[in-house]
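Shared between the two complexes below is subunit A, which has subunit B as its partner in the first and subunit C in the second.
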Partner chain A sequence: MKSLNLKTLLIVCACVALLAGVVQADPETERQTMVDYFQKKFPNVELAEFANGIYAFDENAREQWIEIEDFPPYEIAIEDGEAFFNTPFANGRGYADCFENGGIAVRQNYPYFDSSKGEVITLEFAINQCRQDSGEQPLPWMTGELAAISAYMSFTSRGNPIDVQISNDDSGALAAYAAGKQLYFTRRGQLNFACSHCHVQSAGLALRADPLSTTLGQATHWPVYRFKWGEIGTLHKRFKECSEQVRAQPFEAQSAEWRNLEFYLTYMSNGLEINGPASRR
Partner chain B sequence: MLPRSMRTKSFVLTVLLLSVIPIASVADGTQAADSIERGRELAFDRRKGNCLACHAIDGGDLAGNYGPPLLLMKSRFPDRDVLRAQIWDASVRLPSTRMPPYGRHRILTEDEIDLVVDFILSL
Partner chain C sequence: MRLTILLTISLFLSACGTPPATYADARAAAMTAIAAATDRGHAWTTSDQLIDEADKAVRDGNESLAISLADEARIHAELAVQQADREATAWRDNLISN
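Let's look at the complex of A and B:
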């Protein structure tokens, strides 16, 4: 009897381990699956082009966009951002002291999972962290000075392939990735949509006159000057807009939930080049 | 032959019937036309049905193609209840649906859904 129980237990254990193995996210395999899915769905779109959102496949919108890029509406934000970036804090330190390589050409390494803190650090989060470490007030997350500094830092990183690291034996990073992924695939709001309903299954189709972008490339080009906003805004401003669109209560900008979401979303764009800041209609 | 009084009676009755029927059916007709019109308004209103966000519908501008065009609906939905159920909560028929559950999530009231169904069946 006792040995039978032990045997059952062993079998149960083996099954649980097997299940865990199946359930455990393997980010690299999942990213490859996502890339394959979109390459099959858009056989005429080159991989690098996905970094341009809807302009990768919508010919009409693309023409307008190329014209707009001749006089980019985000140029002022880059200039302002550079000035803010180079203005020292009251204690004499500055942003350059907080980042590797003086903060130049580093965006491709964000977000990353900080094992000592046990949380995802996005570039915007790190910018405000830097200020607070020097006794400065944090800046509002979605527009204005912080978005401008972020735009300048993206600009210096243009052309660098996104390189979000998740080691398969870093359980904290894997859990943050899995949480972000779950958020992307979970229905929310009165209209009951997950991000994936619009940006995976329906990518390329149009809501009214708005074609929907693909998950692949959604995180390469932030912050964005959006004509509808009339200003430059961060990725979390877009998260807020999409949440409100499905009448869901948005999470807070830079909440743990949305930093995890950004971690997942940016990982999906690994290998694509940073091309921010960008303009979107 | 009927006695005169009876004849008059049946004549009056016939006249009455003949006159009532058309009036009743005209009334029905305007009522139906009215509910189709109200259904159309609800379906097109961005803060109500907003069906055009996803479906091409005759008479509507700037439609999306997120969902299939809505046409020939009477032949595709001979059973009114099936159509109503699709709008009330499409996930019952298709768990992976990409259409909002208008009834289950109270995006529209029950009366509003009935009017939208009247309109959709007129397409």
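Let's look at the complex of A and C:
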């Protein structure tokens, strides 16, 4: 009877472990599942090309985009961003003092989970944190000076593969990743859509005249000059736009919810090269 | 016996609920529902738009339209809360697997 109990216990433990594996897969396994999914869906698209969004698989749009890149509309933002970046704060410190490597070529490491603070730190969040630590006012999150500084920092990071780190031993980082993932797959708004409905299941199909981009590569090219915006904007500006398109009340830019979402989304693009800032329709 | 029947009928009618008599009541009910949806992170933009339209209707002197718009805003917010309840577990159905 005693041995039977032990045997039963072992079977139960094995079942629980198996179930936990199914329900709570580790981020790297999930990223590979995402990569495999899109490589099957777009067998003619090289993995690195997913960093170019819809231009990876829409030939006509790609031709126009390549021509636009001859005189990119985000160029002024890079120049402005460099000037802002190099302008010292009132206390004599500057952005370079707040970042590793003086803030040059570091975008690929963002966002990261700060275990001491228990929250996800995006690049834009770190830029404003840097300002506030020097007694400066924070900048508006989605456009303008902050987006320009972010554009310059992305430009210096071009070609570096995204390297978002999540240790399977870091429960805080895993929880933030899980929360971001849940938001990505949760139906919201009156239209009852999740991000994944457009960018996983329907990726490559057209919404009116616009093809839908893939999850893979969605985080590589920010900030973006969108022609419909007529200016450069951050990823959270796009989150806001997507939310409103499905008639969901958006979260605040750089809210914990959207930083977690960016954490998940960027992790899915690990290994793809930073190619921001970029232009999009 | 007659009293019991009368009490039962009146209780039944009150349980059925009656539409708010004034725009202020309808608006307050809608705002409570919107706050509940917002707390769940699931509010819809349509609720706020309907409240804006209702406020305009009442300014224009059309209180019955204002009440119906506020009621619609409340219903949208209640549906948003139902969506939040459902999605607490249903989001997993959207996950991909190879």
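Here is the rule we use: the second predicted complex is superposed on the first by the 258 of 281 C-alpha atoms of A that agree within 3 Å, B and C clash if a C-alpha of one lies under 4 Å from a C-alpha of the other, contacts with A are read in each partner's own complex, and residues count from 1 in each chain.
In the analysis below, a residue touches a chain if its C-beta (ideal position, glycine included) is under 8 Å from a C-beta of that chain, and two chains touch if they have at least 3 such contacts.
Remember, predicted model here, so these are calculated numbers, not experimental data.
For subunit A, the partner with contacts to more residues, out of subunit B and subunit C, is C. By the touch criterion defined above, A:256 reaches neither subunit B nor subunit C.
Using the contact criterion defined above for the overlaid structures, shared-chain residue A:207 touches subunit B, although it does not reach subunit C. When the two structures are aligned on the shared chain, A:33 is found in touch with subunit C, with no touch to subunit B. When the two complexes are overlaid on their common chain A, residue A:197 makes contact with subunit B and with subunit C alike.
When both complexes are overlaid on chain A, the residue A:244 reaches subunit C alone and has no touch with subunit B. Within the superposed three-chain model, A:48 lies out of touch with both subunit B and subunit C [touch as defined at top].
Overlaid on A, the two complexes show subunit B and subunit C touching the same residues of subunit A, namely 190, 192, 197, 201. If you check the complex, the residues on subunit A that touch subunit B are 190-193, 197-198, 201-202, 205-210, 212. Interface of subunit B with subunit A (complex): residues 52-54, 62-66, 91, 98, 100-101, 105-107. Contacts from subunit C toward subunit A in the complex involve residues 37-38, 41-46, 48, 76, 79, 83, 86-87, 90-92, 94-98. Interface of subunit A with subunit C (complex): residues 23, 33-34, 36-37, 182, 185-190, 192, 194, 196-197, 200-201, 244, 247-249, 251, 257.
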